[in-house]
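Labels run A, B and C following the written order; every chain starts at residue 1.
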Amino acid sequence: MVKSSMRLGDIAAELGAQLRGEPDIEITGLATLQAATPGQIAFLANPSYARHLADTRASAVIISPSVADKFTGAAVLMDNPYFGYATLSHRFDPAPVAAAGIHPSAVVSASARIPDSASIGPQAVIEDDVVIGEGVVVGAGSVIGARCQLGDYSLLRPRVTFAHDVVIGRRCHILSGAVLGSDGFGFANEKGAWHRIAQIGRVILGDDVEVGANTTIDRGALDDTVIGNGVKLDNLVQIAHNVNIGDHCAMAGMVGIAGSTRIGSHCVFGGASVVSGHLTLTDQVHLTGMTMVTGDITEPGVYSSGTGADTNRQWRKNAVRFRQLDSLARRIKELEKKLEG
Amino acid sequence: MVKSSMRLGDIAAELGAQLRGEPDIEITGLATLQAATPGQIAFLANPSYARHLADTRASAVIISPSVADKFTGAAVLMDNPYFGYATLSHRFDPAPVAAAGIHPSAVVSASARIPDSASIGPQAVIEDDVVIGEGVVVGAGSVIGARCQLGDYSLLRPRVTFAHDVVIGRRCHILSGAVLGSDGFGFANEKGAWHRIAQIGRVILGDDVEVGANTTIDRGALDDTVIGNGVKLDNLVQIAHNVNIGDHCAMAGMVGIAGSTRIGSHCVFGGASVVSGHLTLTDQVHLTGMTMVTGDITEPGVYSSGTGADTNRQWRKNAVRFRQLDSLARRIKELEKKLEG
Amino acid sequence: MVKSSMRLGDIAAELGAQLRGEPDIEITGLATLQAATPGQIAFLANPSYARHLADTRASAVIISPSVADKFTGAAVLMDNPYFGYATLSHRFDPAPVAAAGIHPSAVVSASARIPDSASIGPQAVIEDDVVIGEGVVVGAGSVIGARCQLGDYSLLRPRVTFAHDVVIGRRCHILSGAVLGSDGFGFANEKGAWHRIAQIGRVILGDDVEVGANTTIDRGALDDTVIGNGVKLDNLVQIAHNVNIGDHCAMAGMVGIAGSTRIGSHCVFGGASVVSGHLTLTDQVHLTGMTMVTGDITEPGVYSSGTGADTNRQWRKNAVRFRQLDSLARRIKELEKKLEG
């Protein structure tokens, strides 16, 4: 997959983009406008970086036709240069490509179905009745529980854990340390002690789902936990049992979604946002970082909570007043009455 | 342990509950009132779901005697139907049961004591002088450090890590990716640089403790980190060194407890709550999600902090005023003086 | 490394400290002033514990010369007793020391360079062209990706994951479950769907860096993610792609740093603090716990945000007023106008 060198003409063709300049220019790498050296291709995605066009040493730039006149060098013209960069990035990815086959140190159940095109890494464990798709990679030290199903071309990095009965779609990307299908946090209290409830639902991921490093997605209590197509979860995210996430959502690091909450599609959650359980959020909800959601959200839009950092000296004065807010509001009301009277 | 089918009479007997209806009804699964199909048993734990009783297709329902007259079908009557469901759930749990014995790919020290009834999974590592109880399961790829002691019938899911000298009680349940006994975060600063302090205390868990996926519990600096009986910790929880948690506490995902803090018994902490170090919280403290605790709590009760999500447009206006709160309060005082004067 | 017993005179010599008392006193352990038993050495780092000096049963105490007259027993006198304790703690650390050599169950590439002094634990995986320094320990079940470089005397606890091309300095300490070099969270949106961007930068750690249990440090998108010398990261910390952290910072559990943010040196971040992406924080910034930073910080000092826990009853009253803050402020302004008018 990785190429050390591509012709600029081939790059434009692969991106379905218009070429301005010499197609035989040899491109050997990808970099930012500022860091690029001759032989590399750069891109302009954010117009505020346009000032770097004048100084870049890149041999070519992926750029929108709308600003192409600001750059005189070789250019690959397309409406979404960031998408062009994303596509091209895989051509210059130095990540080793796993060889097909089952490593002799892996422990694989005789009942697992593994095609010749799949790669099972060293020290991995594949349990009974697992079904693995074409071209799937299971990284070193991963454990795949009984009856899991992994869709074609899914890529599991080293040390991933799937408990039993986890089903993932095609082209999913599961990063190291992720745990899918672990028991949901369900207990019944009887006379002050907590009694564990067996979690007998599954985890179901659509196609093209990304699960970040050390992220956890719990299996359902009775029904399933369901993650839609194209959902992207960053590192250290917690998805509790019976959560349902719609297609094409993106959640940054440390987001937490409590049990049985339903999230619409195309939502974007900033880092460390937390959504309480048993809620429903509609499509296209955008949460800024550290937002605390404790009620349903029925309208698309941007939502926030919390307060920004201040000097500790100022913050102390203000935070103590927060505890007096209701009484301050009543005093304002009182003043207004007096002035009206 | 898993049965595909049970007689309704046997279910009532096992739950110590009263049966209303035909004891020979065959029950083949467990589901919610809404999702149940004929042959399954459902339950009514939350009275607000009572409206689903009329339409359920379940063959029987676990229900409190106090609302039994709202349902005409076969019923298992007990005061705490949710506890009945919890108990019964294990009968229909499809999780594979680990076979006793040491998998040939495991690496086990000759000095470890492992009874025949225990199960040591593939690729696991058991270090010197570990003592493992009857019926214990150590999941695939787990690493158990020197001198650890695991009480009878404790269940460690795949890829759990215990550093050396971790002691856990009976029937503990440790989920994948959990790390117990890792070094506490202790450093001495000398001339601007941090110098690591060896963490020579242990981690001690009582009986019936649950530790969630990718949760971390650090060993003590000098004394031990201690988790009481029946404590339930969800995923991605952080318990720092020398913390002491009383019996039967439950902490939801992403809770953090800083070093040397002591938590009473029967506390319930909502997700992403954070408690500062060197504090003491009494029994029966309930924190709502994302609460920040920076001082001792001496009275049982429910505590909260933070602000809920608002539209970003409204939030921006209010959050900027938070920085003026102290001055606003002073201006109210001034107005009051003027009006009195 | 571990000694069960040391002469007090040797302790003072090793710490470069002044001895007051009998050098032949045998010291067999280390404890707090309160917990120490005869034969153990204790320390007084925090002056507020000075009251325990009178009752301690410790055979000797590490203490500052400035308060030495408050204690009549054997003493080791040095200006920074906490540093003395830190240094001495390693002498009484019961952690097993890994034997040099490659465990037969490890899977090691023929192209990896591993000196005789290094220890590769059971079930570990070392991929192609890895370069390992003198005295390095790779814990059981760890996976080290292609072309990683580990500096001399670095210690990796069990079940650590390094993706390819991670470079760490000397004497680093990486705790269990940590994931270094996992893919950064980078996607281009095209017509509503997210397209993954290959992350082709590296992770670079300086010397003496600590990475906590289950902490994640992502590789850079194009440039590298860089962690300076002496940085200490606690458990469950998230460091996103292209972050740059200056020397000797310390970050407590659950801190999150979003992408491309640059942190100065000697910063200290309390637990669960979150810093947004693309920001710059200067040197010596101290964040109290749960602080949310959404803008640059240009001045050293202590910063905070959020509100402390209150009873739920009081909090509800005040939190609802937060949503009215801007209108309350306008009403105060109105009142002031009327009174002036």
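We adopt the following convention: contacts are C-beta pairs under 8 Å (C-beta built on N, C-alpha and C of every residue); 3 or more make two chains touch, one makes a residue touch a chain.
None of these values were measured; they are calculated from a predicted model.
Peer 1: Quick one: label the inter-chain contact graph as line, ring, star, complete or other.
Peer 2: complete
Peer 1: How many degrees of rotation map chain B onto its copy chain C on CA atoms, rounded to the nearest 5?
Peer 2: 120
Peer 1: Which whole number of Å gives the spacing of the CA centres of chain A and chain B?
Peer 2: Averaging C-alpha atoms per chain gives centres 26 Å apart.
Peer 1: What are the residue numbers in chain B that touch two or more other chains?
Peer 2: 105, 123, 141, 159, 177, 214, 236, 254, 272, 306-308, 310, 322, 324-325, 328, 332, 335, 339
Peer 1: Any idea which chain A residues touch chain C in the complex?
Peer 2: Of all residues in chain A, those touching chain C are 30-32, 35, 45, 80, 82-83, 85-87, 89-90, 92-96, 103, 105, 121-123, 139-141, 157-159, 173, 175-177, 208, 210, 212-214, 230, 232, 234-236, 248, 250, 252-254, 266, 270-272, 289-290, 306-313, 315-316, 319, 322-326, 328-329, 332, 335-336, 339.
Peer 1: Could you pull out which chain B residues touch chain C in their complex?
Peer 2: 105, 107, 123, 125, 127-128, 141, 143, 145-146, 159, 161, 163-165, 177, 179, 182-183, 185-190, 192-200, 214, 216, 218, 222-223, 236, 238, 240, 254, 256, 258, 272, 274, 276, 286-288, 291-295, 297, 301-308, 310, 314, 317-318, 320-322, 324-325, 328, 331-332, 335, 338-339
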